[in-house]
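Once you've had a glance at the structure underneath, I'll fire off some questions.
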Amino acid sequence: MTRRGICAFMGAMVLLMACALSASAEDALMMATTTSTDNTGLLDVLAPKFQEDTGIELKWTAVGTGKALEMGKNCDVDVLLVHAPAAEKAYVAAGYGKDRTEVMYNDFVIIGPPDDPAGVKGLPVVEAMKKMANEKAHFTSRGDNSGTNKKEISLWKKAGMEVPDKEAWYVQTGQGMIATIHVATEKGAYTMTDRGTFIKFEDTHGGNPPLAILAEGDPVLFNQYSALAVNPERCPNARYELARTFTEWITSKDIQAFIGDFKLLGKTLFTPNAK
Amino acid sequence: MMEPMYLLENVRQIYGGRTVLDVERLEIQAHTITGVIGPNGSGKSTLMRILAFVEKPTSGRVSFQGLPWAQADLATRRHMAMLSQEPYLLKRSVQANVAYGLKIRGISDTPARVAEALKQVGLDPERFARRSWRELSGGEAQRVALAARLVVRPNVLLLDEPTASVDRKNSDLIQRAALDARNRSGTTLIIISHQLEWLQEVSDHILSMNYGHLVRVQ
Amino acid sequence: MDYILSGLIQALELLFQGDPETFSAVKTTVLASSLSVAASMAIGTPVGFWLGYVPFPGRRPARVVVDTLLSLPTVVIGLLCYAFMTHRGPLGDWGLLFTLPGMAVGQTILGLPIVIAMTATAVESLDQRLKQTLITLGADRRQILLTSLWEARFSLALAGAAAYGRIVSEVGISMMIGGNIKWHTRTITTAIALETGKGQFATGIALGLILMTVALLVNLAMTGLKRMSGT
């Protein structure tokens, strides 16, 4: 009984392994993107459309910006969809990426307790940062080298300061955006977030969130999303043609319009701006 | 002259500097019943294990049916069966336990022979064959263990205190089964027991052991 | 507190409405963990048996090493595997990254020390009389080995259950090697991590309950098997 049973079981396992390995071979495009992009749900609606229009299956993994770029360097993915323009440009210059194409944008906002203890409401964002530092207002940062985090760091620099890394009022969570917002809520602190995540946060609280938008609209809060193909010269296994197909597809008129129509709670999350 | 079943010459067993067995000469003839008596630590069990070809003596010559230890192989060992003082049953049914010896020898026709062996030890196959090892009393377990040895019809049956921890009824059944084996199949029996009366009754020879030495009595 | 209650309700909804994402995650979890537990047992049982049965020089230090590996964090295993499986790494051409078999490999590394250590202990705890009994019944070396293994089957089953528990509940390896790709390498645990990261705590709890249900079913099956082999 048992010996035959074990052999049969082993055989089944080997077969399963073989199937599982071969299944991933078909026309599939591997993408690395950021967690905040994935969390908006945009890719969940774009991917089926992409498969319908081109027959290519889009598979993506959502990680921090730093890790996404690293994956491209390691030739583990074919295309990147990230929002860290400075890093992207350096990436292309160094030969890791190719065909950087701007796709869409949204913006960042400063949120904080509605009673605004540091009094930053309505100020231009750089002034707001200075005021928060002066008042030693509680501030939570992602502290994870993500695109969002890099943006936040650039704001401190624009305000003429070093990142308040060792200050007691500055808390680095090392986690994603929602987790960071939760910490901010607990501590009654300020934080910087992308508008899309804030809209989802609002939604979770039935339209009545414990934190409010206090500073927005400043051009420096602009958050540009771009697609980059992994350089096939560095990575012979990268599916460059499929990556190009994707980039052309997502910047096409129809899809750009589709992105503009993508709403959460009746609010637009992304503004298409492909050239 | 008939070759003895066993011939031991100058056999010594030493554990960590202590001589536990020292036998100058011992002959055991086939089809005989040899009883072994002696106080604890006198080397009885060691002698049994050497006779069962389970343990090798530190020095000396042991031969079985004229075959010296060095030439004894698996086939030789399969002529003997030993029942230790506290026998161990495998974690399976009574049927499977008794059939184990047959299975490893590649013998089929097990149900019939298992039933025969169980009857020899006074256990009704209908009632006991499918019981699990957990569901047996001490005496029943002992008898199942004996049946597992009898079933292979060994040339030599070595019994180390077979009735030590069982009650009168089981004791009788075990003793009867052992005798049966000799009478019906000519099995050579070597029995260690504290029941001197019974040994005197059935044995052809009795060996008395003390501090590893043996003295033949009777 | 209401997370837990709404989690419970959501779990039932997901199950009975046949939510495709949930069932995909369940399928991935079951597939990956079955592969890795099977591999851990297949490799780990003989190694553990040898470790517990055969006295060889260096046996005790070897045992210490195995026991220490029990504390390997899953993220570390994930990282090490990634270093090997990445396209620029030594095993890059095997195409294991972002695949289910890749995850199974990592999870096997997680399960192996458990199986080896517990098998070794099981073998060491075998009754001393067993070997002698088998010898006196006329078993040869191979038969002694196999019979001893079968005698230890209840402890071996426990080793399998322990490995299974550790494997099915891990996140670090699945996340790093699998990439949490929807429909492909998203397991129940990585899905929980994702939902919790998005602030959907009730969904996280729902998925957790579903995972426990899967584990319960597996263990019921195992109990049934144990009972059958107990006679």
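Think of it as A, B and C in the order they're written, each chain with its own count starting at 1.
Here is the rule we go by: contacts are C-beta pairs under 8 Å (C-beta built on N, C-alpha and C of every residue); 3 or more make two chains touch, one makes a residue touch a chain.
All values reported here derive from a predicted model rather than from experimental measurement.
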Per-chain Cα centre nearest the global Cα centre, belonging to chain: C
Label of the chain whose CA centroid is most distant from the centroid of chain C: B
Approximate Å spacing (C-alpha centroids) for the pair chain B, chain C: 46
Euclidean distance of C-alpha centroids - chain A vs chain C, Å: 33
Between chain A and chain B, centroid-to-centroid distance (C-alpha), Å: 78
Where chain A touches two or more other chains, by residue: none
Footprint of chain B on chain C - complex, ascending: 127, 129-130, 132-133, 135-140, 143, 147, 151, 153-154, 230-231
Touching residues on chain C, where the partner in the complex is chain A: 31, 34-35, 38-39, 42, 86-89, 92, 95, 97-101, 104, 150, 179-182, 184, 194, 197-200, 229
Residues of chain B that touch chain C when the two form their complex: 52, 54, 74, 77-78, 80-84, 86-88, 90-93, 100-101, 104-105, 130, 132, 148-149, 152
In the complex with chain C, residue positions of chain A that touch it: 2, 9-10, 13, 16-17, 20-21, 24, 30, 35, 39, 44, 59-63, 73-76, 175-176, 178-179, 181-182, 200-201, 204, 235, 237
